[in-house]
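Labels run A, B, C and D following the written order; every chain starts at residue 1.
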Amino acid sequence: MKVRPFSRVSATPGAPHGAQAGGLTGTLIGALPVALGLVAVVVLSEPGLSTTLRLALDGVLTMIWCLYLGQLIATALRRDPDAKGAMLLVDLAAVIVPLAALVATLATGADLGGPSLACGVWVLKLLRDSTAFRLVARVLANEAHNLIGVMSLFGIVLFIAALLAYAVERDAQPQTFGSIPQAMWWAIVTLSTTGYGDAVPQSFIGRILAGVVMMSGIGVFALWAGILATGFAEEVRRRDFVNNWQLVSAVPLFRQLGSAELVGIVRALKPRDLPAGAVVCRKGDAGDQMFFIVEGRVSVAATGAPVELGPGAFFGEMALISGAPRTATVTAASALTLLTLHAQDFQILLTNNPEIAETIRKTALQRGGAEPL
Amino acid sequence: MKVRPFSRVSATPGAPHGAQAGGLTGTLIGALPVALGLVAVVVLSEPGLSTTLRLALDGVLTMIWCLYLGQLIATALRRDPDAKGAMLLVDLAAVIVPLAALVATLATGADLGGPSLACGVWVLKLLRDSTAFRLVARVLANEAHNLIGVMSLFGIVLFIAALLAYAVERDAQPQTFGSIPQAMWWAIVTLSTTGYGDAVPQSFIGRILAGVVMMSGIGVFALWAGILATGFAEEVRRRDFVNNWQLVSAVPLFRQLGSAELVGIVRALKPRDLPAGAVVCRKGDAGDQMFFIVEGRVSVAATGAPVELGPGAFFGEMALISGAPRTATVTAASALTLLTLHAQDFQILLTNNPEIAETIRKTALQRGGAEPL
Amino acid sequence: MKVRPFSRVSATPGAPHGAQAGGLTGTLIGALPVALGLVAVVVLSEPGLSTTLRLALDGVLTMIWCLYLGQLIATALRRDPDAKGAMLLVDLAAVIVPLAALVATLATGADLGGPSLACGVWVLKLLRDSTAFRLVARVLANEAHNLIGVMSLFGIVLFIAALLAYAVERDAQPQTFGSIPQAMWWAIVTLSTTGYGDAVPQSFIGRILAGVVMMSGIGVFALWAGILATGFAEEVRRRDFVNNWQLVSAVPLFRQLGSAELVGIVRALKPRDLPAGAVVCRKGDAGDQMFFIVEGRVSVAATGAPVELGPGAFFGEMALISGAPRTATVTAASALTLLTLHAQDFQILLTNNPEIAETIRKTALQRGGAEPL
Amino acid sequence: MKVRPFSRVSATPGAPHGAQAGGLTGTLIGALPVALGLVAVVVLSEPGLSTTLRLALDGVLTMIWCLYLGQLIATALRRDPDAKGAMLLVDLAAVIVPLAALVATLATGADLGGPSLACGVWVLKLLRDSTAFRLVARVLANEAHNLIGVMSLFGIVLFIAALLAYAVERDAQPQTFGSIPQAMWWAIVTLSTTGYGDAVPQSFIGRILAGVVMMSGIGVFALWAGILATGFAEEVRRRDFVNNWQLVSAVPLFRQLGSAELVGIVRALKPRDLPAGAVVCRKGDAGDQMFFIVEGRVSVAATGAPVELGPGAFFGEMALISGAPRTATVTAASALTLLTLHAQDFQILLTNNPEIAETIRKTALQRGGAEPL
């Protein structure tokens, strides 16, 4: 069975990578009205605002609301099958919540934050479009079992701490430890090592209890942090693997590699996006990595006239082979997507793949005569 | 010697996994009276409560206490050999502690938290039944040596900090630094970076000392957190290995694997439980993993009529081989236990096991003609 | 070249492990006068103490001081060549510092903490004898380069934060931000996320600055914690490797292993010390590890009369091979040192070492007829 | 293709390592005027300073400013092509900012921190020359994508927390929660678990919100810390690999190694710099590592006259082979650069490289006759 990991990319070279960039621009444009709206909400919360400014900002909010209403109607008319539940829900809430707040304000006369505050719901649009949020949401889903376990343990520790603090401190400080819910407030402020200082145990036993709670808090914190940090690192590694897997296909050199070897290379490579004009490496610098061009072109300026290299080419291998400093300055001639390979993984690659070593050697020799990199 | 890792599971396929789920339901049912009792304890701690409500809540506590007394007597009559020390102790305490508190209150007239507060001991039942607690307890036992070392170091640092703070600040602030125990309170609040603000050094030297203590606190915190987080991650990995090892036996494809290869696969696979009706993967999505069915059935909806797949079947491999998006939507036809394999580990599996690659290729070809996944 | 990793241990089986235990007992006995002395120092710091108690505690301190003086003289007379610089220095300080404080008090009449407070220097004896401290000290030495780098970065960030806070807040709050040293106090309290609350920026810009400082603090914290936690984990792994390497030599089964294979096993094994009478595994439990006896004897109680196993024997392999629950309860017949091997590493061991697999199979078969474990 | 990783170092043995040390000394000399200047700035910020001292310190600042002006002019005259953008910018700012502050003070009469405070900009010189800063800057650049993601998520969570806190608490506490920016101050102080205590929610719902914010804060903290700590560890590992790769070339023994094997050794070795006279290992100690000399000489003192070993020699292998304690004390006869190899990696090295094992065995035998190490 021949695995062809490249077929996806042959059709649309670098598509997911490009799509990601396109999505970023789209996100930024979509974020503009949200940002404007949220700034208006923040400014409107200031008490001593002039009526004129207040009216103007209300106008801005109304305009953005109308924009969102229009978008929602457009989506509904298109009957877009791609519109998913959660996405649609946020769009719906963005229109309905401010409207409901307006109606409630007009009906009751009470000022429940008012319609302007209700526009804060638009922040959910930002959250929905944030790739980091989606990443973190996946981590939370993957680690749900462990997180819920640690959370329930946290809840039990919190309850025990509050119960004991209430038993110990209630007579001395009825104002702050007079009931278990009050003691629980102290417990969570202490367990998270926030320490506002509004509730502090006074008795000797209460203080020893507080010390134990602080140490437990660090422990719960550590478990919580360990689960999240590990899960996040793994999820990032997976995402990078899938992305790199596709980028690698644009480099002909790697097509000779076997599947297992390829997995190693894909893990070792780091993608790098550079704008046109950026310097990739500078003549005279020490070199600890080599580069493979996925998309775009670079300009190599050594002693002679600059040479251009395009997609699939590689450079920077001379510094890794000879240990000499870079012999040329390389700049991005256009928007550039590179894969970089560190010295350490370069050595492993060469050892395990004599054909690739041969290809690189030939290229290096050829260049060595004219334009060593 | 032929290792037969599957024999345990052949007899009771997925037993530990199912048992875990059953244990969860059992735990939730057992947790109900505890939760009710603890809510009553919390509410009863509120000072301004009407007598009626107070009597009602006392009644609830009495009923739960009777229930626990009944359970304890039943256990004693059964002479259950499985009843272990720690478990029985908690059940005993749940009955005796409130009773003792009631007797003490009646005898002395003093209100030592009263019998209602003593019912807070029921939280230990929650703690005992929490799988997270058992996991954390195992981590603490495994790492006891290092944790005790760091704790003792923490104690020594605490003492030194308190001694120096007392020497430096006692004349300026006799109220808060007037004795070493008082200075120790400041030291622990600072070392854990809680910082209530009730004791703050005023002198120049005292503040430099405080800065050093804060930095040491971060260091102790780091060691503490590092030990706990690493130990927890290792314990979870071990538990998952044993669980996966049993689940893998339900997938015929993996029976061909050698022992070492199997260890690699068992480590790479992630179990996933889904309720009936849940979507496993959606047509058109990019695919970065394939699935193996351990228990339950899935319904595969591509262009034609839905096809069902049962235990031992696998799907989702097409997206990994061809790089094309998912060609079908797969939903759980019943409660489902899956094993998922990520792209990266899929490549390694295929390279090292030509027979498995052949089986998967044949299945993929067969499907490619009719219902590619 | 034949590497003989066992020669050291053949001479003194389990010596370093036993020595460690002996050292622990010795440490505890040596810690007794220190603990007594420090408790006396703490109690003496309380202001409202009766003269009798004060005299009694002073007497205790004097006696301990005399003890230390005697020990010091004994060491000097022996001309012990093993007495190292740092160790001797602590012993010297333990005698000289309290004496100097007494002389200073008598000479000047001023109460510089008094001689009793100076006895707090004895805590250094505890610190010197703490294995955790030595471990942490080694980590600090190993990572000195990185720690100093992060510390200097921390210092620079602290200075910048203080400078900006002083520039922004000094007019509004001359009491708390009136000079750069004062602002630096705020900066360190904020950067370590302690947050006493005695100095809080009031201006808008000051608060944005504070937010940035808090986030930087978390970053510095993260670097600090990452370096320490990683270095500690590595140092513990190294110590365990050297310890396990020696314990492994007591198990004849492992003598057949090649050097590389041995390194893998030594890394996978976890030592466990148990007191006489402790239960190693219980009949009916699920088994995820097997055991090798290094020192001591176990009693195996299945259906028949209990069987004893001694050093070099192994048990618990049946549960890993057949997947069935434990068929016997094993208790420690004496103080016991075990090596445990987890299921996962057991599979790798068997695959790579057919001879060991054969030995284990034969033992298992033999037992299978009579006393399966 | 023959990879020659040593060619770089053959020309300039240990160059980068030495250069680093030279750079350190250079940095310290360059840091002197900065340190002096910053101390002057700090002291000048104290309100109650005598006019004489103030004038003297102003004089110091003026002198340092003149020095920097001179350096800048010298750089400009040399037209140094190595002067890079960021470096030059800092040198420019060091001259222009204080000058501008002086002009502004003279022109407006207003005291905007004054020229002396503006000299605080010199701290940027320290930051620019700090290797830790460059390391951290590289980590930030590498992880920019993830860090920005987590930061934006942090911003969104902050906004949501502030919005809700404002909605809940504004009526009860108009002083501290009267507008969204004010509530945002509370939110950041709580999310970073700093907890000044100047703004504390009073209502029940507000306190539950605060608890959730604290837990989220720990989560954001964990992600932030995880990304930074992992990225830092990786960057350090890469830097060490490149440094070690060059040091290894000075040890003839390793020239026989294949490329893949060499990568393993380079990863396992730890460089260690020692001053002349330092003790490398002590007779009678347990030995868990062996040493390779890169630069400098050691003096080996066993029973006979001391023997000297120079670059390329190795020692300490006896303790690893025989398991016996060190048989000689080794001290640095000159400034020394060593590579240390831990027991565990020593075993792997021997197993995989019979020729190296043979060389080490012969050396050990030879020494065993006279001066075993």
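We adopt the following convention: contacts are C-beta pairs under 8 Å (C-beta built on N, C-alpha and C of every residue); 3 or more make two chains touch, one makes a residue touch a chain.
Remember, predicted model here, so these are calculated numbers, not experimental data.
Undergrad: Through what angle, between 0 and 180°, must chain A be rotated so its C-alpha atoms fit those of chain B, rounded to a multiple of 5?
TA: Rotating chain A by 90 degrees superposes it on chain B.
Undergrad: Same or different for chain B and chain C, when you check if over half of the residue numbers at their contact belong to both copies?
TA: different
Undergrad: Per the centroid of Cα atoms for each chain, what is the distance between chain B and chain C, given in Å?
TA: Those two chain centres are 26 Å apart.
Undergrad: Distance between chain B and chain D based on Cα centroids, please, to the nearest Å.
TA: A distance of 37 Å separates the two centres.
Undergrad: Touching at least two other chains at once: which residues of chain D meet that condition?
TA: 181, 193-197, 221, 225-226, 229-230 - these are the residues of chain D that touch more than one other chain.
Undergrad: Can you list the chain A residues touching chain D in their complex?
TA: Residue positions touching the partner: 38, 41-42, 45-47, 113, 117, 120, 123, 126-127, 130-133, 135-136, 154, 181, 185, 188-189, 192-198, 221, 224-226, 228-230, 232-233, 236, 270, 286, 288, 321-324, 342-344, 347-348, 350-352, 354, 357-358, 360-361.
Undergrad: Mind pulling up the chain A residues that touch chain B in the complex?
TA: Residues in contact with chain B: 1, 3-9, 16, 142, 146, 148-150, 152-153, 156, 159-160, 163, 166-167, 174, 178-181, 190, 193-197, 200, 204, 207, 210-211, 214-215, 217-219, 221-223, 225-227, 229-230, 238, 241-242, 245-246, 258-260, 262-263, 266-267.
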